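Quick heads-up: structures coming right below.
Two complexes, one shared chain (chain A), two partners (chain B, chain C).
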Partner chain A sequence: MKDIISLFFAYARTGLKTRFQYKLDSVISTFAVFFREAAGIIAMYLALLKFDTINNWNIDELLFLFSLIFITYGIFIVFFMALRDFSDWIKHGVFDRVMLRPRGLLTQLVLCGADWLAAFGHGTLGIILFIISANRVGIEWNFGMAVYYIVVVISGVLIQGAVFLFFSAISFYVVETNSLKEIFYWNMRKFAIYPLSIYNKFIQSILIFVVPFAFVNYFPAQFFLRKADMAAYPEWMMYISPIVGVGLYALAYAFWRFSLRYYKSAGN
Partner chain B sequence: METIINVNNLCKTFKIHKRGTGFKGAVKNIFHPTYEYKKAVNEVSFSIKEGEMVGFIGPNGAGKSTTVKMLSGILYPDSGDITVAGYIPHKQRKEYVANIGVVFGQKSQISWDLSPLDSYEVIKHIYKIPDKKYKENLERFSELLDMGKFINQPVRQLSLGQRMRADIAAALLHSPKIVFFDEPTIGIDVVGKDKIRKFIKTLNQTDNITMIFTTHDMQDIEKTCERLIIIDDGKKLYDGSLENVKKGYVSSRIIEAEFESLPITLDLPHTEITDVENNAMKKLISFNTDEVSVNELMTALMSTHNIKDVSIREPEIDAIIRDIYEGKIVMN
Partner chain C sequence: MSTYLQFAVIKFRNKMAYRFDYLLGILNTLLSFVVYWSIYKALYGGASEVDGVTFSMVTTNFIISLGLSSAFHKNEMFLQDKIKQGTIANELLKPVNFKLRMLFEDVGEGAFNVAFNFLPTVVIAAFFANLSAPSSILNVLLCLVSVVLGYIVLWQISFIVQSWAFWLFNVWGLITIKNVFVNILAGAYIPMWFMPEWLRNVIQFTPFDSIYFTPVQLYLGELQGWEILINFARQLLWIVILYVIGEFCWRRGIKKLVVQGG
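Right after this comes the complex of A and B.
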């Protein structure tokens, strides 16, 4: 474990060193990420002012729901960046080099891909949103709740990691997976910005059973907010995010290991 | 010496998606995909002893790289057995790769934006190289490969030859027992090539590292290896001493000459004149140095013709492979 941590820092050091070769670009890109995402939030905020509430969720509660997406994504791109862009790693032969090193394949991918600056952009935004909204939604924080909040954040990161681990495994067969990612991740993520209960049954079941974004933000947020629309779902769904996270990741991992033997390696 | 690499009936087939042409073909393809199967490696067997230096040659697409990728644990073989240093590469990848080093001429493992030294630090962590060994190796390779001047410079500022040397050092820092070189001299100038070849040869002799060298540059092989494995179309065509192949090709030469006037006649036995496409004034004259010396040939040519330009061609791998098919070179 100590060894893994020291490897993580070795990668992080060189990763940052690389980015700071181009200082201006790095600073600009961090701000670009921050403002791009912030602009989306401001647009949503302005739209919501017209409605007052959506399915009984007021603006602060919606921002709380939203903040979970940003915080988990900020952490996600520290650890799962390599899996997010895995088809590029295969195309450019980088994965060959990963296979030639005496460390676990996923250990290397998870440790070395971090995009620290983008993570900083997303993460800061998530934390700002969280601080603003968590104060105003009337959660009475205690130790247990704080711990559960950390647990659901980790689960949310794992769920998104698992989704991309599936896509990576598919890359072993077909290499290019961008349109799959577009449909099953980026579009689903847009749905997850609003409360699950506003959608029809079909989209709800996709968000619960196929790409379980509902367990990244909606159900965990219900644990803290206890909104009336939770009545439509079994109460235990508020508690199973960690199980969904670990379970889905284990499943994706098994599929990834199985698929590895079909890796074709790019020609010279 | 003991056998360190053992390959038996190795096979690998790639499924290639055959795309139809035009819009009709593309549409048909969605509903009726057709595949072609290409046997990239077909029943290849060989064994290599510890400390040996083996040249692995063949034309592009012959299956060299696929074989090396299977040997280094990157690809799963379809059938056949591989054991290297007591490991089965694709099954025991993590333990196995600590024992090997791989240099890809076209894919650098050191980071473009950092200095070689920065990349080496990460490699040290990945391979868990003890401080003392790391320092020793680094000093030694830095001296042998003459890297002192550029070891602290960002890789993007290095010449291709310098980058390649830095890459070779990167693959050797953990003191591997076996090193695979995949086209390590591609695109590098003559002086750079020579430095690399010399280093590789020295290391093979002093450290007893087993080396496999894929290339399509015959000079690489000539300057480094004693044993040669030739692969063509996925099959092993030749496995034996370089000397044996050399006998055939060293004495056969081609002169490319451009004449000032036609016709060209040459009254010398054992020579053959062939035309060059698109240029009637240019001819290829193939001959055998055992039968006709360059001196004799040139004298004969110059006494009867005015020559504008002349160059001597080295025999290429294709020529050697043709000789093998024609039975002029026999495996020993």
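Right after this comes the complex of A and C.
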């Protein structure tokens, strides 16, 4: 374990050094990611100056909801970037190199690549949103609440990690999975940012059962906020994010292990 | 002129080769639209109109502004890549105006996307989204003309930021920031009607509302008589102003350009 942690820091140090070689550029690019992600929020803020609430969510409650998706993504991308770009790893034969090293395959993949630019951009945005909203949405923060918040953040990271682990496993069979990711991750994420209840039943079902983004932000936020629109869903859904996270990740891991047998090198 | 038209045609044909990307592109545009459509459906909460703006006007606004912003998406690292790789030297030696060539290639790509990404999206959206019919055939034609002018405004803004690659190490960040400004202030993420008063007053003095909002207004028949002329004049004025700024950056940049090896 100690070995793994030191490995992570070694990778992080080189990664940060490479990324922040050009300081001004890195600062501008990080801010650009931050600003790009904030665009939808700014638009929502402006719209709510006119409309006040959306499905009874006011702007502070929305910011709290948004914070979860950005914080989880910020952490997720530190550990799962290699899986995000995994089809490229296979295509260019980089995965062969990983296989020759004396550590677990997934351990290496999780530790080695971090998209620091996205991590800082999304992460700071999430943290700022959390700081702005946490005390203005009527949550009585105590030890239990704080622990549960951390637990749902970890669950959110695991859920998104599981989705990418599935795609990586599929890359063993078909190599090119960018379109799958585009449809099932990036597009679904566009939907997931906003309250689930504004969508029609079909989109809601996808976000609950297929790519369970609803358990990354909507249901955990409902646990803290108890908005009226929760009445449309079974109450226990507010509590099961950790189970969904761990369960889905375990499932994805099993599928990955199984698929690994079918790996054929694309290199030469 | 026909030389440049060829650039547009070639780009148009190139785009046709990637069938799957193209289907995916329609899906992307459609889903972005569905997100905003759902948001405003919830905001309206069944009300037929807010401040005299009907829900179908909002829907139409989003399909035009969001749809076109998606269709007009292009590779904005083009100039930087040419500069970084030094291939810009070869481009400048060719007997064509590099800037015009770039414009026509982008127009070719944009035209392809409007025909095969934007229009299919509109057709699919029309099944569920209750779009406003155009107020007349004339309005559709006026709208089309202003879309072209709006595209040129958008293109010039992009070109200006791209040309900073002559001085900066990497313009990706600035391009991304520029796109956020354009998408919000041009009304792709929030209809112009619902912008706070002070912001609309500011936007009046910028080129942003002449990109998508003028076409939207023309399509809906919101502009009458003189107003139509004034809006076209504003689009043309911005094209001229931005052209002058772009040309200034470009000339200074070319003078400064040093290509290493090649």
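The rule is short, and it goes like this: the second predicted complex is superposed on the first by the 262 of 268 C-alpha atoms of A that agree within 3 Å, B and C clash if a C-alpha of one lies under 4 Å from a C-alpha of the other, contacts with A are read in each partner's own complex, and residues count from 1 in each chain.
Here, a residue touches a chain if its C-beta (ideal position, glycine included) is under 8 Å from a C-beta of that chain, and two chains touch if they have at least 3 such contacts.
From a predicted model like this one, the values you see are computed outputs, not experimental measurements.
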Evaluate whether chain B and chain C can sit on chain A together after superposition, giving fit or clash.
fit
Please tell me which partner, chain B or chain C, touches more residues of chain A.
C
Quick one: classify A:142 as touching chain B (first), chain C (second), both or neither.
neither
Applying the document's definition of touch, where does A:96 land relative to chain B and chain C: first, second, both, or neither?
first
With both complexes superposed on chain A, which partner does A:6 reach: first (chain B), second (chain C), both or neither?
first
Which partner chains sit in contact with A:31 here, chain B, chain C, both or neither? Use first/second/both/neither.
second
For the superposed three-chain arrangement, angle chain B-chain A-chain C (C-alpha centres, nearest 10 degrees) equals 90
A:40 in the overlay: touching chain B, chain C, both, or neither? Say first, second, both or neither.
second
What's the minimum Cα gap, in whole angstrom, linking chain B and chain C in the superposed view?
9
Contacts of chain A common to chain B and chain C in the A-superposed view 22
Parts of chain B lying in touch with chain A, wherever the complex brings them together:
14, 65, 69, 72-76, 90, 93-95, 97-98, 100, 102, 104, 106-107, 109, 111, 113-114, 118-119, 121-122, 125-128, 154, 182-183
Complex interface listing, chain C residues touching chain A:
20, 24, 27-28, 31-32, 34-35, 38-39, 41-43, 45, 50-51, 168-170, 172-174, 176-177, 179-180, 183-184, 189-190, 194-196, 199
Residue numbers on chain A that touch chain C, as the complex places them
22, 24-25, 28-29, 31-33, 35-36, 38-40, 42-44, 46-47, 49-51, 54-55, 179, 182-183, 187, 190-191, 194-195, 197-200, 203
Contact residues on chain A for chain B in the complex?
3, 6-7, 10-11, 14, 17-18, 21-22, 93, 96-97, 99-104, 108, 261-265, 267-268
